[in-house]
Amino acid sequence: MLIGAIIAGIVFGLYYTLVGLGLNLVFGVMRIVNLAHGDFLMLGGIAAWWLFSSFGLHPLWSAVLVIVVFVLAGLPIYYLVVPRLLRSRDSEMLSLILFFGVSQMIEAVTTIGLGATERSLPPRLLGVGPMILFGTRLPKAWIFSAAASAIAVLLVYLYLYRTRLGTLTRAVMVSRDEALATGIDVNFVSAVAFGISIALAGVAGVFAPFILGSITPNMGVAINITAFAVIVVGTLGNPLGTLLGGIIYGVSLMLMQTYLSSWANLLPNLLLIAVLLVRPEGLLGRTVRRA
Amino acid sequence: MSPEPLLNVEVLVKRFGGFRALDGVSFHLHPGEVLGLVGPNGSGKTTCINVICGLYAPDGGEVVFDGRSIAGEKSHRLVKAGINRTFQSPRPFLSLTVRENVEVAAHYGDPKPGFDIDALLALLELDRYSQRPAAELNSAQQKTLDLARAMATEPRLLLVDELAAGLNPAELSRMADRLRALADGGMALLVVEHLMGFIDKVTDRVVVMAAGREFFGGTLADATRDPEVIRVFLGGGHHG
Amino acid sequence: MPDTAAEARRRLIRRVVLDTSIAAAVVIFMGVVRGFYSNELMLFNFVVFLALAQGLNIIYGFTGYLPFGYVGFYGAGAYGFSLVVMHLHVPALLGMAAAAGAALVLAVILLPLLRLSGAYFAIASMAAAQAVYEVVANPDLEDITKGPYGVSLSDVFAPAFSYYVALAILAFALLLVVWLRNSRFGMSLQAIRDDSVSAAMAGVSVVRGRTIAWLLSALVAGLVGGVFAWHISVFYPDTAFDLSVSIFATVFLLFGGATTLSGPLLGVFILYGIYNVIGIAVPQYFQFTYGALIVLLVLFLPNGLVSLLTRRGIRVP
């Protein structure tokens, strides 16, 4: 049972890597906390549900569509809001509040448009029956999303380290001012990073009905805390760290659900607080967040 | 000048990750003395001030103030013991008025009641702005406000971090006079500075730093003639 | 203009009198209006938010920390009151003491969070409030806290008396802010918020200042939570730990303008007033408006309504 929980935890945790990856990218590039991240995830899930129930579109195709649409949508959102935000004195705090406002707006519109009931997708869409991995039975959907997540991590890594835009992004991550001084169009680089970030959230949202069971308009808050816990454990600004963070979170959650199930909901909260207090720079860490 | 140094910095070491910002620097200071700390960028001058005033704890070495080892003590306690400083870029309390800025320091940094805040503001020519928010002052005035706050705690040791930058010649001259007046009153001053003209006016002697360590002590005149000093300033700051 | 100590003292007295008068006027108004308006629960909620906004003001307006999880202290207070009344059958006023105690204990436990910087602190406090909720609402603890099934306190039901106790708590919160606005301690807190390094070099103990503000702020929320439990006497953990409580208090505070006495008052009267007039019917329209308001506020008026005056150098009470 222990091995099973660990294997399941790793696979499940990889999904949370996907959830946290975008949030990590945005923070690394702009020092901004996108508290609407969970809501973009929710929008991705809603999109997948709507595309399936209205047009019968398979979620894997929806995922591609979501990526394209969200990246393109991210650019104007960035330009509308972030440059002005970064000019103020306490931009980190203000960004928190501002994106919280955005999150409320997204939740409200979704609830008005679609009502507060749960939406879900038939699990058979991602394969019928369980798969056996190292002796553990896992739903095929989990394997799919773990694979998607691993691919996403790889793609982000390749973007950052093998493309020109990605290299510029890393320069901005190290020092925004210096990047600006060397003539890099910091705003464009950041806008693209922002678009990628919400696209990653959207893709995680497409898989959410299969991993988490359903989509509700107000699921964003809990997702945010979990996503934050994952990226903080794994060190902010480092995509490989999110990989580690997600796995640790997933395994811990599975273990808790196996042995102490009624207290499992405590885990993301306690994990987040514990890491922030004990080792705020995360497991791979460099960026320390001391007052 | 009393025989015992007020401040004794001995073989002070401070590391940031792998980088040794302070690599065994030593110097001392007597009451009423003005010591200039000069050196190229990155030589550790501001780090020195940051350690002495309690912002960082050193990784090695000693800081002895008034016979007591103070390394690692918290800043606000050191202020009450008689140490204060100014900052490279001014750090006023922007949401408070000019007078309130000084009032905080006078109340918390100097337990003696009845400090005349208004007289201090008048002395530093800030009294006109007494009721204005500190945010309304220009950069030079905010630096003077920093100095006012430091003075309001009646320190015996004042660490001055690049006060001259951004001041016009008239302001520079006034500032130099103020610092000398403080020294004449018995205060010990450590002045970190790039502007040699200011150093010349204000200091009694200088210590030249490079790569986290001091390697020359003497008058400014002697320093400008020393071949090692010249090499360090022109050759990029690497020693040995 | 050159300033004498006597002038400074006169100015201080004028300000304290003005601020206290405003505080008194609000408390008296909320007391008197109860006789004229039948929707007593709405008035009670007004008092609750007026007090909570000031409690949040103490920590955000004076130290710059914004605890998104402020509702955790409110809930702790509510459950502190409830547990003591349910299990030990003490009179309600003792229950209030337990509410204060519960909030303070939680605040002390969470003191290490103050080491974190702004955004991390905000989210960590949210996680902390969630954690407390998960513990309290856990079915395993049903015997003690009644778990997710809610609390019912029939013994101490006293809608009139508890309303006046709430007014007393509001008065306490207002007077705390008046004190902070006009004292050197409050000044030192603003100094810490503006620049903690500079404040340390002015002799201010940054840790001590933040700790006191944090504890006072938690105390206010705990007392409000306790009187909420007393007044309403039947509630679920979801209500006591509802994040909307923190959110509303935060929006009211930011809209009016933190660090002042009147800012939060304006924020509550205007926004909560509008909410009660048009928002209850379709809460999602209101949620959208709140969200949009927050976005616009942060972009264009980050220091709230009162900043329209304060940025011209005018002191607002």
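Letters are used for the chains, namely A, B and C, taken in the order the chains are written, and counting of residues starts over at 1 for each.
In this text, a residue touches a chain if its C-beta (ideal position, glycine included) is under 8 Å from a C-beta of that chain, and two chains touch if they have at least 3 such contacts.
Keep in mind the model is a prediction, meaning the values are calculated, not measured.
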Topology of the chain contact graph, where touching chains are joined (line, ring, star, complete, other): line
Greatest separation from chain B - chain, by CA centre: A
Middle chain, criterion being Cα centroid separation: C
Centre-to-centre distance between chain C and chain B (centres being mean Cα positions), rounded to whole Å: 42
Mean-CA-position distance for chain B and chain A (Å): 47
Between chain C and chain A, distance of the C-alpha-averaged centres to the nearest whole Å: 32
Chain A contact footprint on chain C (complex, rising order): 64, 66, 68, 112-124, 126-128, 130-131, 134-135, 138-140, 196, 243, 247, 250, 254, 282, 284-288, 290-295, 297-299, 302
Residues of chain C touching chain B in the complex: 1-5, 8, 184, 187-188, 190-191, 193-195, 197-206, 259, 313
Chain A residues within the chain C interface of the complex: 33, 81, 84-85, 88, 90, 92-98, 100-109, 111-112, 221, 224-225, 228-229, 232, 262-263, 265-266, 268-270, 272-273, 276-277, 280, 289-291
Residues of chain B defined as touching chain C within the complex: 53-55, 74-76, 79-80, 84-85, 87, 91-96, 99-101, 103-105, 107-110, 118, 122, 127-128, 130-133, 136, 146, 149-150, 152-153
